[in-house]
Amino acid sequence: MELSFFNVKDGYLEALVRGLRSGFLSADEYRRLAQCESIDDMKLALEETDYGMFLQDEPSPIPSTVIGQKCREKLANEFRHLRSQANYPLSKFLDFLTVEKMIDNVVGLIQGTVNKKSPQDLLGRVDPLGWFPEMKAIASMDITSGYEEIYKTLLIDTPVGPYFESFLKQVTPADSESRSMQEVASIFNETDLELMKNMLKKAWLEDFNAFCETLGGSTAEVMGHILKTNSDFRVMSVTLNSLNTMLGSSQQLGDRNLLYPSLGYLYPEGTDRIRKAWNETTVRAALEPYKPYAALFDLCAPYYSKERSGVTDIKQLKSLEDLIYEKEVELCEFAFEQQFHYGVFYSWVKLREQEIRNIVWIADMISMGRKEHTEEIVPIFRPRY
Amino acid sequence: MSAQAFHSWGEVFYHINPYSWAAIGIALSLGLSVLGAAWGIFLTGSSLVGASIKAPRIRSKNLISVIFCEAVAIYGVIIAIIMVNKMQGLSESAPGIYPPEAIAAGYCLFWVGITVGGSNLSCGIAVGVSGSGCALGDAQNPTLFVKMLIVEIFGSALGLFGVIVGIIQANAGNFPKQT
Amino acid sequence: MASSEQRPVPSRMTLQTMKGKKVGASKGHSLLKKKSDALTVRFRQMLKTIVETKKAMGEEMKTAAFSLAKAEWAAGNFKGQVVESVRRPAITLKVTADNVAGVRLPIFTLQRNESLETVGNLGVASGGQVIMAAKESYFKALEALIRLASLQTAFFTLDEAIKITNRRVNALESVVIPRIEGDISHIITELDEQEREEFIRLKKVQAKKQERAAAAEADELGEAGGEGGAIFEDEDDDVVF
């Protein structure tokens, strides 16, 4: 039935997204970019691709961050075009994609506002994909009047409100039924905002997965696989990144464990085992039954071991992120192999983000004069034979 | 027809005018075929429109998919015309009493309608889905077009089977000539 | 020369003071010369280390920039978050001074307060360790940078000091000492002149006296020489010694 009814609402948009898929930079175009001598050359090379004239109005020495921001704006524009034409289930699905960025933005804004940075600066840095009108209110909020305002604004006005609520429920003791404003204020002070962000994202991931499951059909199938793998990556990433840091120490394991999403192929047994792990060997042992992840861990373990400091050249080693990006690109590419599901929208956004990362990386390498590293990108839709 | 009491479903069916059966058959064959064609065009069309935004070159080539769907409607129309031509003569020996040939012909045309309509409806959807895939595939890689077209042709053949079988089926039922 | 207009009074006493001055000046000259030499030696050394540190810093900066790019690749754009979370600086500079031949050279030392570092749990879900690596390599680059800054400031101070010392040395060498020497020789010639004048005068006086004595003798021979002693009494106030 999906076959015959999907196109009723979403056929046009799916086709459009697949059309946008052909806009990804090809291997040739990457090669051309990598051969550029300067950023200006790169701008010219990009003009010949699907990116077009988007850098035209920038004054000549373009920093790589501006390129990244402009690319993201382009992505956001295209995304908004899709969003404006979407019907109910798809529109909600697309909103879920923006919520992830909104969480980033909101947390960044709170952090900046608490530290009294100017609103213009803050708004200039946000991810255009996660832009929403209430952001201005947060940025220009008067912190001195207390956290009550922030709390109200966050919980009521923003799309991320529900996640904040679940976050608050988790961090406050269960027995206190009504949370006073005082407590909320103390939460904002005490909780590391980075931890808060990750807990919000975890809540988002779980919510997104639940939503995809209600959609059913191949959307649930494809998205379920992607999200589960993603949440597994998240578990691994949190674990590895907190190794040898304060968060990895035994007294903060509780904090760390709060960040593990309750879905994925690792959940519940694997997550449970990882929860108890505190160093490389124990993590390795916890991952042992999950062959692909254990292999992934082995590949990047040297980067995270304690002995790394000082001895070896870190440039040679791959971090977990490099590997995860590769896997993620692969996952997202596979999503395009099926028709009539929403996974392509997710995959398109994710691949586009990866492509932007690639472009920024190449730009960085070119401006640093280290052309030998321009190859270290994750090409998207690399020709497979 | 005066008010009568029917004692069983068989009696009810028996008393329905065979021409009415035939007419329902025509309606089904044409209606379902057109529904299938429209559905297919819709499936193909929405994908085609979306895909041709980024790859405008596919738009005229992929009209073939739309034409395949259209053909399904034409099958329905052909069968409907054949069936209409069979509905000739009106012979009623007594009110509510029809000659057996007429009754047989009525049922026959009704089921021809079901055969053709059903097969064309599925054919339309099949061609539509594969046409949508064809449009998307062509937009990415032009060499896929011919391959996808073959798939579509096979899909389209399904409708043709229905039509052929329908014609043979319709030959079995003939209303008695008007005397 | 300006000094030619106001030559010192030629007298034995000024000669004495002048000689004292000359000794002082040449002593100062040799001391300053030594200082300048010491400074120059230090300067040369510093130049070498500066070149080395500059090269090293270039390397460090490159690695640091590379690792930042790497971190951005892994964790997305986290610059904003870092910038927004900064409250107090975690790294501060301490300035101490080093003394080289009387020149105070500033030395910067880096002080790191780990507890104030804000990066903390940044990127815990993606790229945390990469960010840490970037932080460390930037720390190294910062160390190199501060070393270079310290050297560079010392370099400039030293440069200035050397210039001043050299100027002084040169001034002593080519202005003050020649002038004093000129004065001394002037005084000596003046004094000699005076002496010669005096001598001639004495000679003259003596000659005159002898003349007169001869004349008186002749008179005395003529008039039994009665007035010889009176001449001596009259002439006496002209004689200085």
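By written order: A, B and C. Residues from 1 in each chain.
To be clear about the criterion, contacts are C-beta pairs under 8 Å (C-beta built on N, C-alpha and C of every residue); 3 or more make two chains touch, one makes a residue touch a chain.
All values derive from a computational prediction rather than experimental measurement.
Participant: What chain lies farthest away from chain A once each centre is taken as the mean of the Cα atoms?
Facilitator: C
Participant: What chain sits nearest the middle when you go by CA atom centres?
Facilitator: When every chain is reduced to its C-alpha mean, the one closest to the whole-protein mean is A.
Participant: Please report how many Å separate the Cα centroid of chain A from that of chain B, as a whole number.
Facilitator: Computed value for the inter-centroid distance: 50 Å.
Participant: Give, as an integer number of Å, the spacing between the C-alpha centres of chain C and chain A.
Facilitator: A distance of 64 Å separates the two centres.
Participant: Would you mind pulling out the distance in Å between where the CA atoms of chain B average out and where those of chain C do?
Facilitator: 111
Participant: Spell out the part of chain C that touches chain A in their complex, as residue ranges.
Facilitator: 62, 65-67, 69-70, 72-77, 79-81, 83-87, 120-130, 132-133, 136
Participant: Taking the touch rule as given, give the residues of chain B at its contact with chain A in the complex, in rising order.
Facilitator: Result: residues 39, 42-43, 46-55, 125, 128-129, 132-133, 135-136, 139-140 of chain B touch chain A.
Participant: Please name which positions on chain A make contact with chain B in the complex.
Facilitator: Residues in contact with chain B: 3-4, 7-8, 11-23, 339.
Participant: Would you tell me which residues of chain A are touching chain C in their complex?
Facilitator: That would be residues 64-65, 68, 108, 111-112, 115, 117, 122, 125, 192-195, 198, 201, 234, 237-238, 240-243, 245-247, 256, 259, 303-304, 309, 314-315, 319-322, 324, 357, 360-361, 364-365, 368, 370, 373 of chain A.
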